[in-house]
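Structures given as structure tokens follow.
Both of the next two complexes hold chain A, though its partner changes from chain B to chain C.
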Partner chain A sequence: MSDTSGGRQGGRDGGLGWGLRTAVALTVLLLITPTVVVIPMSFSGADTFQFPPESWSLRWYRSFFGSEKWMYALLTSVQIGLLVAACATVLGVAVALGLNRSRFRGLGAVRTLMTAPMIMPGIVVAVAVYGVFIRWQLNGTAVGFVIAHTVLALPFVVTAVSTSLAGYDRTMDVAAATLGATAWTTFVRITVPLVAPGVLSGFAFAFVTSLDEVVVALFLQTPDIQTLPVQMYNSITLEIDPTIAAASSLMVTATTLVLLVPQFVRRERRTR
Partner chain B sequence: MNPTVNDSSRGIRIKGVSKVYSGTARPAVDAVSLDIAHGEFMTFLGPSGSGKTTMLSMLAGFVSVSAGSIEIDGRDVSRLKPHKRDLGVVFQQYALFPHLSVARNVAFPLQQRRMRKADIAAKVAETLELVHLGPYADRLPGHLSGGQQQRVALARAVVYQPRALLMDEPLGALDKRLRDRLQREIARMHRELGMTFIFVTHDQHEALTLSDRIAVFNEGRIEQVGAPAELYERPETLFVAQFLGESNGFRGTVDKAAGVLRCGAHALRAPRLDPRLDRAEGVAVVRPERLSLHGDAADVASGRNRLGATVTEVVYVGDRHQVGLRFADGTTGTATHPVGSPLPAMPGECVTVSWDPEHQSIVTGGAGAPVPPVAAEIPADA
Partner chain C sequence: MTTTTTTTVPAAGGRGTPGRRGVRLRARAAWLVLPATALLLVFFFYPIATIVWRSFTEPRTGLGNYTALLHDGVSVKVLVRTLVTALIVAASTLVIAYPYAYAMTRVGARARGVLTMIVLLPFWTSLMARNFAWYMLEQRGGPIERLLGAVGFDGVVLLGTVPGVTLAMVQVMLPFMVLPLYSGMEGIDRRLLDAAGSLGAPRWRAFARVYLPLSVPGVLSGFSLVFIMTLGFYITPALLGSPQQSLVSQVIGERVNRLLDFGGAGALGGVLLAVTLVVLFAVSRVARPARALGGAVGHE
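Now for the complex of A and B:
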């Protein structure tokens, strides 16, 4: 089949053409370069940023974990992140269920609207949130951070849960009913286990979204409440301190791990 | 093959049930009444869109009843939720729970009934034996073939001894060979369990081989209910005659006094005519295997109906010849002729066709329904 339809495919051999291959390689390079630079830098022994490092040490990690400022920012970020993940997951599951099970005119529009925070420029959202929160006196409060980040994280949860609901066969609900299960039992024993992986990845995405978010956090920050990215930003504008490299490396690692968890859970189930 | 009818309070009683889906004008099921005896194998047979699934869904409780009532073992269940009806249902697409093993799928209905753990395990093992899936108890459904999955679904639907087992085209998703095997297995399960089975299909062979009785659905109504042989030998409507197997039809006007059906110049003998049919437009229906062909009209025994025809084609189908015919008035038909005896006529030649009036049925084409050309065959897999 690759012989006859070669024109429509990337290359004569049916694989990717060299042009496309180069593009993919460049993109991957572009995506991983920051990580490739920042991680070695965090293990440098020098007093300033150095790449590639001439000597190796763990001093910047010691500095990170020894600093009250950094630790406080980390704790703040994790706490807000978990709260955001919890709120966004509850709301996101409700929205996804609603969208999945209702048929009305304008359903498509509502779906698109749900993704608005994803495509809206961060600065626009930040200014809007800032303006509203001043009136509501939510700036610099944990509640303010959680609300703002939940809004930003919601589309990710809705998307992840919607995807797993789309693959859910409703005749299973009907089957469970004929077998004597109430709607509640069906939900707990059939729907939840089957949709859980999607919910879990929604939760992970929401957590990471909050953990990474910097623009809104900069607007909402006060000296009392600063998330990790804000602390990083502040530290680099004030002093040249390679501790930030250690913080960055830790964040990359944490983010990657959190996003991988749902994948592993899914694989585990499939091979059970 | 003989349903237990001694206890009349048991069984399913459908009384004048109709269903009009919201937003539609024509009822999907139109005033259907039917009694299904306890332990009977009842098949709903009919073309696509005739209301079989709708009727079954109303029995199961997935779809509300617009009018009429449904009683199961003497209890009106028309307003009951599906999980309160105590029926087993098998779906065309299996609907197994993909995250539960075969054994846990089968255990599910027993757990809903709060049975003791040890009893559940014993009952599940016994039922998996019944469908020959013992060794697969710990597999996930996704790792089984379609036929095996449908057997799990069967086991899951009978394990709690429901009042009846409802199946909506359960073999529709399987290939021909698997279908035949599962048909035999369903028949065996029916014998061994003694449970009421209600089976939906649009495959006439499936219906004929499995059922104690068949209800033929057409446009939301039941055209006829009866044992397979009864429907085949004594169809009451042209629709039934044509939907079940092949048939020849001769159109005419009933003359009750003379005991004949007048088809133009010919008069076909028609004993025991229903008085209500007098002067009505009727069709004499005869199965191809009941027609005899004669080269010489003098050979035809007295008392038999006869018509002249031209042979249009002869097809050898292994165990018999299939002979295409065109009658004087232009209608076409089919006869079968045994391979052992010489053919009385070749294509293009004239022949006399005869049959015993006892083997013909006089039917009406239904009120105002345009009666299609006769001898049409509905393919089994349409």
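Now for the complex of A and C:
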């Protein structure tokens, strides 16, 4: 505001200098390219990972949807993802409410605790969980996957819901109470609708976290239970199976859609 | 009963105004964190404590696994290589992300929305897909080899080399640098730059002496976050790296998968954990890396 045009000092501030523009453009290219190149690759007609493809076909999509192995991995991933999203959302909303609505000793510790799964070294977490799950006979079970992924997804739900709670005006509760609403009515009629977008985002983030998770899944997998990312990993390291290109494109598209939906819902609500 | 519980009600907000039920709901709110906390303690912290414990007890009680790391001739090399790689990745992402995050604070709301989306989409879109993409780009006869060949560097195949892993990691880690940087820069008052200018400082000096120091907390958050995450990254080294030039995560994976050597793997993991905690503690005065990451989910 203070630096729009005017003096020589602020002259270039209105826009970005060409140097900065170039840097941003190159960074955008670096961020996007690897996500996007998998899409043309998935329409390749060749048997190799050659890029760019020399011929085009839909064979890898046919291979993906026609293969029992890939379909089973997809189904497993979606099922685990939905269960994880449900569990993480319930637990995460509770945590966010608890952190937002109370003051107690150790509150800061709980906050730190909740963020730990985001930053602990991934391989250490995976090996540690694997070690314990072998003893508890949870590796290679759906329950094991759901528990491990819920732990990893929880921080994202807590953050998403906490953010929407932070913008929540508590005088609304008071207003409802003075108008005679019970705590429960206030919760259902005021709190829930206001926090719903944050909860929806949290659910989406949790689902995507689980759907995308590879490292823990690689250790917990058995021949009987493999998630889609594990199958993708194996198709590069063990089989050189270009079906992974179709799987990658579908994953990129699906996650993008899942994450954009809460954004649109939010915008829709705001314009209403 | 209700009167004693009111002490736990936050002072801010509508204290005392809601009815008895409201008060009780608030007092009970603290219990809401219990289930998730219990889950994390049992299924996250207990496993990590266990693996560290096993590094001191398997196969024999003592520091055997750790002294073995020093004497086996490989582990130290691998650890140093991993630390150096993580430093290079963190420094490279910082150099690339800084102008980008800065630009995010300088453009209009619409452009900022687009730039934020561009950072968040790769953050959330399939890690396997991106690693597969790098595999294609870096392979023998792939686009990068041909591109480098066209400018005179023949036969440079990045797949299976540490630089190849580094390049892919930089791309994968970029969002983890941009978000903390941006959330730090967002809070910097630009009028300070105008003030410096009006006192006669040229633009570059105002930037170097005023803006840069103010952005340090964001830089430390991003740098420590990327450094820590790179240390423990498994997929990219496993897919794009080579067994001859392995990083710590590959060795840990190998020991567990092939040898079921949880003691030895735990010792290497223990070193990673120690480095992580030291880094987090070192920056804790000025930066909270995990919290800065909240931007990935909490932005409007």
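Rule of thumb we're sticking to: the second predicted complex is superposed on the first by the 248 of 272 C-alpha atoms of A that agree within 3 Å, B and C clash if a C-alpha of one lies under 4 Å from a C-alpha of the other, contacts with A are read in each partner's own complex, and residues count from 1 in each chain.
Keep in mind that, in the parts below, a residue touches a chain if its C-beta (ideal position, glycine included) is under 8 Å from a C-beta of that chain, and two chains touch if they have at least 3 such contacts.
For clarity, every value in this text was computed on a predicted model and none was experimentally measured.
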item	value
Partner chain in contact with A:Ala177 - chain B first, chain C second, else both or neither	both
Which of chain B and chain C A:Val78 touches, first, second, both or neither	neither
Partner chain in contact with A:Val265 - chain B first, chain C second, else both or neither	neither
Touched partner set for A:Leu97, first chain B, second chain C, both or neither	second
Touching partner for A:Ile190 - first (chain B), second (chain C), both, neither	first
First, second, both or neither for A:Ala128, with chain B first and chain C second	second
Touched partner set for A:Ala142, first chain B, second chain C, both or neither	neither
Touched chain A residues, chain B compared with chain C	C
Set intersection of chain A contacts, chain C complex versus chain B complex	171, 174, 177-178, 182
Chain A - residues contacting chain B, complex	169, 171-172, 174-182, 185, 189-190, 193-194, 269, 272
Of all residues in chain A, those that touch chain C in their complex	2-3, 7, 9-10, 13, 16, 20-21, 23-24, 27-28, 30-35, 37-38, 41, 49-52, 91-92, 94-95, 97-104, 110, 112-133, 147-148, 150-151, 154-156, 158-160, 162-163, 170-171, 173-174, 177-178, 182-184, 186-187, 201-202, 205, 208, 212, 214-215, 218-219, 229, 232-233, 236-237, 244-245, 247-249, 251-252, 255-256, 259, 266
Residue ranges of chain B touching chain A (in the complex, touch as defined)	60-62, 81-83, 85-89, 91, 93, 95-99, 108-109, 112-113, 140, 156-157, 160
Footprint of chain A on chain C - complex, ascending	8-10, 12-14, 17-19, 21-22, 24-27, 29-33, 35-37, 39-40, 43-48, 50-51, 54, 96-97, 99-100, 102-103, 106-107, 115, 118-122, 124-130, 132-137, 139, 141-143, 168, 170-171, 174-175, 190-191, 193-194, 197-198, 203, 225, 228-229, 231-235, 238-239, 248-249, 252-253, 256-257, 262, 265-266, 269, 272-273, 276, 280, 289-291, 293-294, 296-298, 300
